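Order as written gives the chain letters A, B, C, D, E, F and G; numbering starts at 1 within each chain.
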Amino acid sequence: MFRNQYDTDVTTWSPAGRLFQVEYAMEAVKQGSAAIGLRSKTHIVLGCVNKANSELSSHQKKIFKVDDHIGVAIAGLTADGRVLSRYMRNECINYSFTYESPLPVGRLVVQLADKAQVCTQRSWKRPYGVGLLVAGLDESGAHLYYNCPSGNYFEYQAFAIGSRSQAAKTYLERRFENFSDSSRDDLVKDALMAIRETLQGETLKSSICTVAVVGVGEPFHILEQETVQQMIDAFEIVGEQEGPAAEPDAAAAAGQEAAAADQGGSTEEGVAPMDI
Amino acid sequence: MFRNQYDTDVTTWSPAGRLFQVEYAMEAVKQGSAAIGLRSKTHIVLGCVNKANSELSSHQKKIFKVDDHIGVAIAGLTADGRVLSRYMRNECINYSFTYESPLPVGRLVVQLADKAQVCTQRSWKRPYGVGLLVAGLDESGAHLYYNCPSGNYFEYQAFAIGSRSQAAKTYLERRFENFSDSSRDDLVKDALMAIRETLQGETLKSSICTVAVVGVGEPFHILEQETVQQMIDAFEIVGEQEGPAAEPDAAAAAGQEAAAADQGGSTEEGVAPMDI
Amino acid sequence: MFRNQYDTDVTTWSPAGRLFQVEYAMEAVKQGSAAIGLRSKTHIVLGCVNKANSELSSHQKKIFKVDDHIGVAIAGLTADGRVLSRYMRNECINYSFTYESPLPVGRLVVQLADKAQVCTQRSWKRPYGVGLLVAGLDESGAHLYYNCPSGNYFEYQAFAIGSRSQAAKTYLERRFENFSDSSRDDLVKDALMAIRETLQGETLKSSICTVAVVGVGEPFHILEQETVQQMIDAFEIVGEQEGPAAEPDAAAAAGQEAAAADQGGSTEEGVAPMDI
Amino acid sequence: MFRNQYDTDVTTWSPAGRLFQVEYAMEAVKQGSAAIGLRSKTHIVLGCVNKANSELSSHQKKIFKVDDHIGVAIAGLTADGRVLSRYMRNECINYSFTYESPLPVGRLVVQLADKAQVCTQRSWKRPYGVGLLVAGLDESGAHLYYNCPSGNYFEYQAFAIGSRSQAAKTYLERRFENFSDSSRDDLVKDALMAIRETLQGETLKSSICTVAVVGVGEPFHILEQETVQQMIDAFEIVGEQEGPAAEPDAAAAAGQEAAAADQGGSTEEGVAPMDI
Amino acid sequence: MFRNQYDTDVTTWSPAGRLFQVEYAMEAVKQGSAAIGLRSKTHIVLGCVNKANSELSSHQKKIFKVDDHIGVAIAGLTADGRVLSRYMRNECINYSFTYESPLPVGRLVVQLADKAQVCTQRSWKRPYGVGLLVAGLDESGAHLYYNCPSGNYFEYQAFAIGSRSQAAKTYLERRFENFSDSSRDDLVKDALMAIRETLQGETLKSSICTVAVVGVGEPFHILEQETVQQMIDAFEIVGEQEGPAAEPDAAAAAGQEAAAADQGGSTEEGVAPMDI
Amino acid sequence: MFRNQYDTDVTTWSPAGRLFQVEYAMEAVKQGSAAIGLRSKTHIVLGCVNKANSELSSHQKKIFKVDDHIGVAIAGLTADGRVLSRYMRNECINYSFTYESPLPVGRLVVQLADKAQVCTQRSWKRPYGVGLLVAGLDESGAHLYYNCPSGNYFEYQAFAIGSRSQAAKTYLERRFENFSDSSRDDLVKDALMAIRETLQGETLKSSICTVAVVGVGEPFHILEQETVQQMIDAFEIVGEQEGPAAEPDAAAAAGQEAAAADQGGSTEEGVAPMDI
Amino acid sequence: MFRNQYDTDVTTWSPAGRLFQVEYAMEAVKQGSAAIGLRSKTHIVLGCVNKANSELSSHQKKIFKVDDHIGVAIAGLTADGRVLSRYMRNECINYSFTYESPLPVGRLVVQLADKAQVCTQRSWKRPYGVGLLVAGLDESGAHLYYNCPSGNYFEYQAFAIGSRSQAAKTYLERRFENFSDSSRDDLVKDALMAIRETLQGETLKSSICTVAVVGVGEPFHILEQETVQQMIDAFEIVGEQEGPAAEPDAAAAAGQEAAAADQGGSTEEGVAPMDI
């Protein structure tokens, strides 16, 4: 598993100008169960795959409300995600207390990214091992951001992170041009379809996924399990074989990718690591 | 025993996005003597296997009262568990002093998890080597949580941790659907049965186990040894051969698991380490 | 990938008097997508290649406004660049608040360089992994500076940094003598031509580049995408085959350079590393 | 003497979930000259083997008075033991000054254990290399505790630590059922017999052992050497060949154990190191 | 490139009593472009070779004014030099503010040397990688000092540092006996001649060198480029072939020296490293 | 000279429970020139061998007065010994200033030992490399202590430390039973005889040894050289061949011991290192 | 150049009880150009060999005035020596300001030694690399001390340090019995003769040596170069061939010694390193 001498300390540059420890932390995001997000002009929907440790436990919470107008879905180390969610919650409370208006989404995202950047430049810390999809609605409209362990952030129309997220991304890319004018319910349906893509042959049930919505006139909230099941039942008759068809190959590819990661970093990064 | 270059520092990521030091600390929990917990709508029962160092000593305390409505059972490093129990005790006292109401269980569990997360991100500390089953009753009902060295926590209907806990988990999974409506005494009986599963051929006696209960109208307390023995005697006539039947294989598996752990981490973790 | 024992700590000198960690951080600038800048007597134009992570995301912001009279374009780690941009923004605000006049560009550039120098002399930090082209207009005229991870800065008539910037530099060197008296629009056109040089066969579209201008009577602002596309359309008829002609060789060279960087530092540095 | 890569830093976990540095510190206790303790309902007796460096020196003090109702016997690094004894002394003084009642023994023992636990979780310290037998009498009766470098503590009826303590433990286990109702003098006699077991062929004399008593109406004090010699003389006629009989084998085993320790940790720990 | 185990930490002595990290930092001075200085009784002249990174940039500033009566020329890491120049500037301002007289040159040089010495005795810093020629005029006359990364300083009649400075030193040694009574203009001419010696075949032009003067009745200032060019033109007719004659050999020697430096430190240091 | 991986850091335990760095510091005491001490009921005498670096220097001071009633003789690193002596001097002054009575000897010795213990438990310090024989007279009588780098201390009737001290110890053991009732002058004579034992064939002269006395009615003071010479002359006639007889073998043994120390620690320590 | 694993950290003891880093720092003193000192009852003379870096520079100052009654000559790292000299100067000023009398020489020497000792016991510092000959006159007479990097100091009648000091020491040992009653001028003459011994064939001239005197009625001052030359001329006629006679062998020995130092520490230290 030996790779090189430049990858055990976050403050050490490789000769080719890379920070391996930051890239490795980004691998932790790929290992987490999938999370997806997509937005129309008025609504943003977050979804994730629930992973229960055993029959005996409830599943782990992976979507958090931050404020009435902001929520996050995470993939990666849950503990890191929880700590960062609380940080965001505090920032929102302090802002609205001081200015009597909600904290703009983009501003919160930058603060979050700065907090992550600091962890990539101190020898006694480690980069956070979690990716966050931040959904928010403010005066400038509906926003979906992805915050990454490197301290970078990106605005997206729709995005998917975590294990087997590639299949969901393919689905979203095929359809994202319609999202902007989608109704709230169509957005939720697309979220569920994208989640199904990541399931690798498992049947989509309301018990194994969580969906949350924030939009105009609708504060951030997680949908009831029954509501979700009804929507699944409604479209199951129509769209059964779309996703799973390409699954076997994708699964095989995912397996190879994991193996590659163990040997020497993901191959897909290639020329431009760390989203420079 | 050499494994790789990424596993001696808690702030170092492996190329595949894992924090080995955190995973190793979680192995310490597997090495501790077993602890189990289960809950109905109104009661939560904690149990553990007593391990005396010799005939001369009393057994080590592994179940602690935190407040009238909360208690914990630990597996792993007893010293770490004691320090964390006292932390919880202080939080409860401060809360009820300030708000004149008991600290909600879920809130305490999050604070505990945050304390653990900090130890996974500083180079001059180590993750705690202890798992805690937190049993508590508050306005939202009866709760059973498992707090893990990684800073994660999970809510459970019933759970078992520590050495040979797999057999207990199997027992609990077979029966957990009845727990929700169980009477307090049935819960205790199931706790004792689950403990017996972990004993690997030893006979269940009140001297080698501790059982504690918290429930509606019943503050957290450890049961008297005589009470426990009476319950054991009562069901011993009925349920003699259930558990031990599968024991030999389980024991063998446990042995192999321990060996595997010495060679390179537990095999059962596979794709998703650290409950991402 | 092993090179020598002097290149893992920023406070360690090599026997030949080099600080390898600083040189490696300078490699990160070469890995970033290209950014260019050029100036006449009255205007400065910054341009960069947008890199979107996928169809779903907007491209990452790489040109930042610092103040009405100053802006920056970055190449390298975006997170580092964002943190430094905010630092510059704060310095400008504080200065104009205190002195009621804009902060001179050269002075800001020195402060920025000092901030970078400190990171090359402390064992618990790492050098910043970003290069900044600083464009500014003040009483002494129009300025274009390049600030580098080593803590050095240089004043330029025109410059290009980032991946495949060599082709752009060649273009700029061929034409820089005209820049001083160029009209604002000619400057922008030259900026677009220089950006096209770095595209390696891709067609120049307004969607894949960003252009910003600051000049006499024109505060720093990023040009509208439509405006940019109109300018591209205007000259596309004329100058089609100029740049791409030399591209294949340049691309091959760039590939070799990248490979060389992985093996042992860039070959072009030769005698005088770190701009001594 | 090389063992593995996880045993040079107290904050590093092994893949099997062990803290080797803590276990090694516990070996220092095994290297110290033996100390024993036993208790009845009303009295506690501590004893130890004196080890003089040469004929010229008085023996090193290994039993310390902490307060009128508490005393300790140590095995391991004497300097560490002395520092911890003074800590206990201060705690007792402060408590009785504030509350005008003696500090309960169990409470002092927990504070001592917490002090030891901290040294197992900081990278710039080392675990204490000393084991302490704490004898104390308070409102809840007579107590005998063993505090260990790992931060654990145990309550005992009777216990022995240090080199060749196994023989003493065997003696104590054979007889401990009588201790609870023993007279003070019988307790002292049993203490002397247990000490004799650790001597490996040497004759028991008052000059090579120290005995201390604390009990109802009898503050903690070390017995006069003459008193001890009289007791030895009294039972020497009776019990001459009991202990030494098993000695040769025990000694051989002790030798092998020491050798094993040098090669790779004590074999008797097996599955559950560090008293998890 | 491996040399020995004593050369990666500035606080580590080699068995022969050398501090290799300090010696390596002194190599950085040899890598910088050349700087020279010389003085008469009334004037001091500093000169340096300008090194532009490309046609597009202005050359980097290597001569700095410190105060009306003091200036410096640097060779080595420009960023370090800039930081030290500002330090000197501040010292001068504070002194003249407090004492209403200019800071004596020798005093400033000692403070500068002390600042450098500190960096050779702390494990978390690195020695500065720059050499400074300090020219100053005060009540005790005209002074020229050389401050070195080791914390040493030397007073000189004339001196040259940086790459290919050996040829300039040879020139200065041949002529230094006349300097003391030289006129200001003769000093400048000698400075230009010495600079020409370091050019390795390149033609001396005012664009590739900078010259500064401080003297009686003449505050420290950098000469206009035209003035310099006129002086060059004036003597070019006379002294064309003097310097370059010995150049080929010197160049070869310089090349060998550089190679030697890469292999194991400069050979010319021999018996007495670090100017002990 | 490689021994094992546990002996380069004072906070690292070996698998057998030893702190090698502390043991190595104790070797420094064995390398120092010899110091001896002995006491009667009323007097304590300290003596040491003077070691002059050359004919030109006075010998180094190795016996220090601490207070009127206390003095020390050292073996090992003189600089460490001097620092510790001053610490003791300060403690005595502060005590007598506050309490208007001399500081009891035993109390000072414990404070000194605690100061040494701290240096064995911090990663950024090293244990002191000096052994101290502390001679003092207080209300409880005449005392002689030995303070060791490990933080231990011992009370002695008579003792010798430093190089070739074994021969002196043998002499003292043969005669120590008479010391208790010796006259002051007989004590001094025995001190001189013991010193002669360490000289390895050299003739005892007052110039190569220092003797100091403290006793009832006699404050701590170093004896005049003439006084010492007279005493030597007085007994030289009588006791000429006693000591040197056994010398050859002892010397050989000492040589072997030194060699052994270079290879791997002193052999005589065997089972119980560090005076546990 | 590899020696062992115990010599790269000043806080690490070797198995034989040595601190190699301190010994290596003492080698730096041997590498410096020679310094000598000698004293009569009323005067002390310091001398040193000047080493100019080139014809162009004045020689480096190696003798410093501390106060009217104290001065030092150094060998080793000049920058360290300068820092220590200033420390001494400050101590003298503060003392005479407070007590209105000059600081006793012995007291200053102890403070200096303590400052050096601290640097041998902290992991983030390095021992000073300089030896100081301290000459001073106070109420107790004329003194000459040698302060060494280990924190030790010695009083001398006459002494020489630095490269080739062995020849000077030989000269001084042959003649030191006369020094005590020498006249001031004879002392100076002996100083010059001793300096000549270190020159290895070079001719003694006033330009290559510095001589300073402090004595009764004569504050510390450096002799004029002319005065020195006159004295040299005066005795050159007489004592020409005395010193150089033994030179060839001494030189050869010095060469061998230097080589030995590079291989593994000086051989002459043998049994007792660091002046224990």
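Simple rule for what comes next: contacts are C-beta pairs under 8 Å (C-beta built on N, C-alpha and C of every residue); 3 or more make two chains touch, one makes a residue touch a chain.
Remember, it's a predicted structure, so these values are computed and weren't measured experimentally.
Summary of the copy comparison: rotating chain C onto chain F for the best CA superposition needs 155 degrees, to the nearest 5. Annotation: 31 Å between the Cα-based centres of chain E and chain G.
Rounded to whole angstrom units, the spacing between the C-alpha centres of chain D and chain G is 56. If each chain is reduced to the centroid of its CA atoms, chain A and chain G end up 70 Å from each other.
Separating the CA-averaged centres of chain C and chain D is a span of 70 Å.
Chain G has residues 3, 9-10, 123-124 in contact with two or more other chains. The touch graph of the protein chains shown is a ring with every node of degree two. With chain F taken as the origin and chain G fixing the direction of travel, the chains line up round the ring as F, G, E, C, A, B, D.
Across the interface of their complex, chain B is touched by residues 3-6, 9-19, 110, 113-114, 116-117, 120-124, 146, 150-152, 154-159, 169, 172-173, 176, 271-276 of chain D. Remark: chain E residues 1-3, 7-10, 20-21, 24-33, 51, 53-58, 60, 75-80, 82-83, 86, 119, 123-127, 129, 163, 258, 261-265 touch chain C in the complex.
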